[in-house]
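Below, chain A partners chain B and then partners chain C, in two separate complexes.
And now, the complex of A and B:
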């Protein structure tokens, strides 16, 4: 079942289209990967979903994006961003303690008692597979964590807001292979409860963890299907060339 | 992926040579069998061992490519196809050797009549292997698809062989030992033809990405 739907959605500047008539379904409780080379429009696509495009100067859009069958433009932007979390390429913890990083979102969204907040922080860190590593140091600065831990902290921060969808924009590109493996294992675990949208240009990563892959090129969705289908037998020649590193 | 492509092309070229070796071993096997040439067995054995080792070497190189490059799309299909074809080549080579082991059985008493069906089966099987090789080299799915019909001819010949052997054995029980020999040779040839069909099926998968399913 799809939780997000793009319908004839385009984003453009004065001179060119960044996204060109996107029609795409994001399926619930699956890892939905948007795969494509640099500059193909991947990040613009996810930023459209949580309404960051409309506050970016110089960009215009038309068409529709539906979240749970309702246009995203009918939601308050804050509500969309709570329900659809975004994890960036570079881990970006706040210069607070580990605890405060996770508690920050729930504290401003809901009025909570301290013990309720502690419960949310603990559960989010457990879900992000970080709790065991930091449980005795929750008051330490988040900046003292390793890159991989910081990225899992950012995932915990997104989870603390009880989202339905988590978007991850190249979440492992700045990490070493061990930290990358942990994040990939985590993504596979998280899809049981959440819908994952993964942005990557890494074909091997897409192959390891995706359920569905949308290949985007020059702002257009070239092909979208089950991961094994697109990886074994792409229908489009451009997809084939990208997958086999023969594009350009 | 330039290195991947270079190594894959090398493997494909060596696979083509190996397929040529396969035709050769089948030729030697047929002439040694028809002429009851015991000396041919050693040559067949040598060739079978060479084919076996070469298939294992190429298989290892394919595995290395998977480990190094984790290929997808047509690169992945080419590797899978190559590895499967290597198995078929190994089996066809081995069946040639298995057939050669029956040659001594005819040494003392000669063939039962003039062998006709077996040479026809060998010719048909060789034709099929040649078609399979061509379909792979030319990446031609139409040629590969024609193999199924060719295989039906081998099956028909095998049925005829069975009836002929039954008649030979009925007429004289002393023909039993050679009769069983022919039956097994016929069965090996029929299996070789099946492997040629497998090669064709894998070529279809390589080109179209569709697995040929047979019940």
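And now, the complex of A and C:
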């Protein structure tokens, strides 16, 4: 079942197209990877889904994106962003305590009692596999955490809003291999409950955790299919060249 | 020795000399105030009201803080909200215009601001020589500092932090009050402290708007206010030795206040 569908969606600046006529399905409870070299439009793709594009000066767009069979433009932007979380390339926790970071989203969306809020924060940290490491230090500044912990905190922050989809824009590119492994294991666990959209330029990472891969190049989706198919026998020669170059 | 070495050496010497000169001026000013002040000041002065020829300066100390307080209450909210509008509501493109206004306001001689305060607040609005007239006139002078520093602090909130909040569904108000203002907090506090220290040291505009009171004002309007810089200004013109002592004591209090505020703001900046 697809939960997000792009239909003839394009994004452009005054003089060039960043995304060119995208048609793409995102499948529920799968890891949907968007793979491609830097500058190919991957980030713009996820920023379109949660409507950050609209507040980026100088960008125009046309076409449609459907979320649960309704155009994303018919939702309130805040509601779309609650249901579709985004984890950025660089961990970007707020300069607050660990607790306040996770509580930020629930606080602005819902009126909650303090004990309900604590429950949500705790569960989100457990789901993001961070709770055991920070449970005694929830009042400590989030900036005192390591890079990998900060990234898992950002994941917990998104999970606290009870979203349906979590988008991750190269979530491990600034992390060391051990921290990267933890995030990858987490992604595999999270897909049981959430739909994951993973942006990466790392073919090995895509191979390790993807269910579906869309290969994007120069703003176009070149190929989209099950991960094994695209990795083993790519139909398009651009895809093949990218895969062999990256895998050496 | 060749000519370039001599040139280089003499330039360096000139530099050292000029820096020493600046330090000497600073030491002379603060030194003379501190020494004279310490000789003049008594505990009795600090707890008694006075009239610049007899008594103490308690009324002037309290009056100064009251005036500065009104100035802060006037300028901080206006400064912060204007800065928010400039940064977050697309007024950034009028930034150059706003900058001209704030620059003009900063460089307006304080006696001119005092004249405005006198004509508009004291006479036109009928506040009389009072806390409100003096405080608002101080506030007008503080405003550009608060506005400018708050605007810079808000602009410096990292884009990725703002995007993180927006991606969590933060509305504009959430973004401003829960993210941007907390991030800009240090800048706002520092600029407020700076504004307090500037306000505490003002004289000219208060001559026209605050008047003088041998006690503590009992109302926001139509009740005159004493302030420290007035004691310095008036005391030194009196023929009596005691008036001079009061002036030096006030100068000492002012210098201590301003120095400690500057140190506090430097500490917060770090």
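We adopt the following convention: the second predicted complex is superposed on the first by the 245 of 248 C-alpha atoms of A that agree within 3 Å, B and C clash if a C-alpha of one lies under 4 Å from a C-alpha of the other, contacts with A are read in each partner's own complex, and residues count from 1 in each chain.
Assume contacts are C-beta pairs under 8 Å (C-beta built on N, C-alpha and C of every residue); 3 or more make two chains touch, one makes a residue touch a chain.
Model, not experiment: these values are computed from the prediction.
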item	value
Partners on chain A (chain B, chain C) - clash or fit	fit
Touching partner for A:75 - first (chain B), second (chain C), both, neither	neither
Greater chain A contact set [chain C / chain B]	C
Partner chain(s) touched by A:207 [first = chain B, second = chain C, both, neither]	first
Touching partner for A:50 - first (chain B), second (chain C), both, neither	second
First (chain B), second (chain C), both or neither touched by A:90	second
First (chain B), second (chain C), both or neither touched by A:12	neither
Which of chain B and chain C A:27 touches, first, second, both or neither	neither
Which of chain B and chain C A:234 touches, first, second, both or neither	first
Distance of closest approach, chain C and chain B, by C-alpha atoms in Å	34
Interfacial residue positions of chain C with respect to chain A in the complex	158, 160-161, 163-171, 174, 178-179, 182-183
Partner chain C, residues of chain A touching it in the complex	50, 52, 55, 77-79, 81-82, 85-86, 88, 90, 92-96, 104-105, 107-109, 154, 157-158, 161
Interface residues, chain A side, partner chain B - complex	203-204, 207, 231-234, 239-240, 243-246
Residues on chain B engaged by chain A in the complex (per definition of touch)	1, 70-77, 209-210
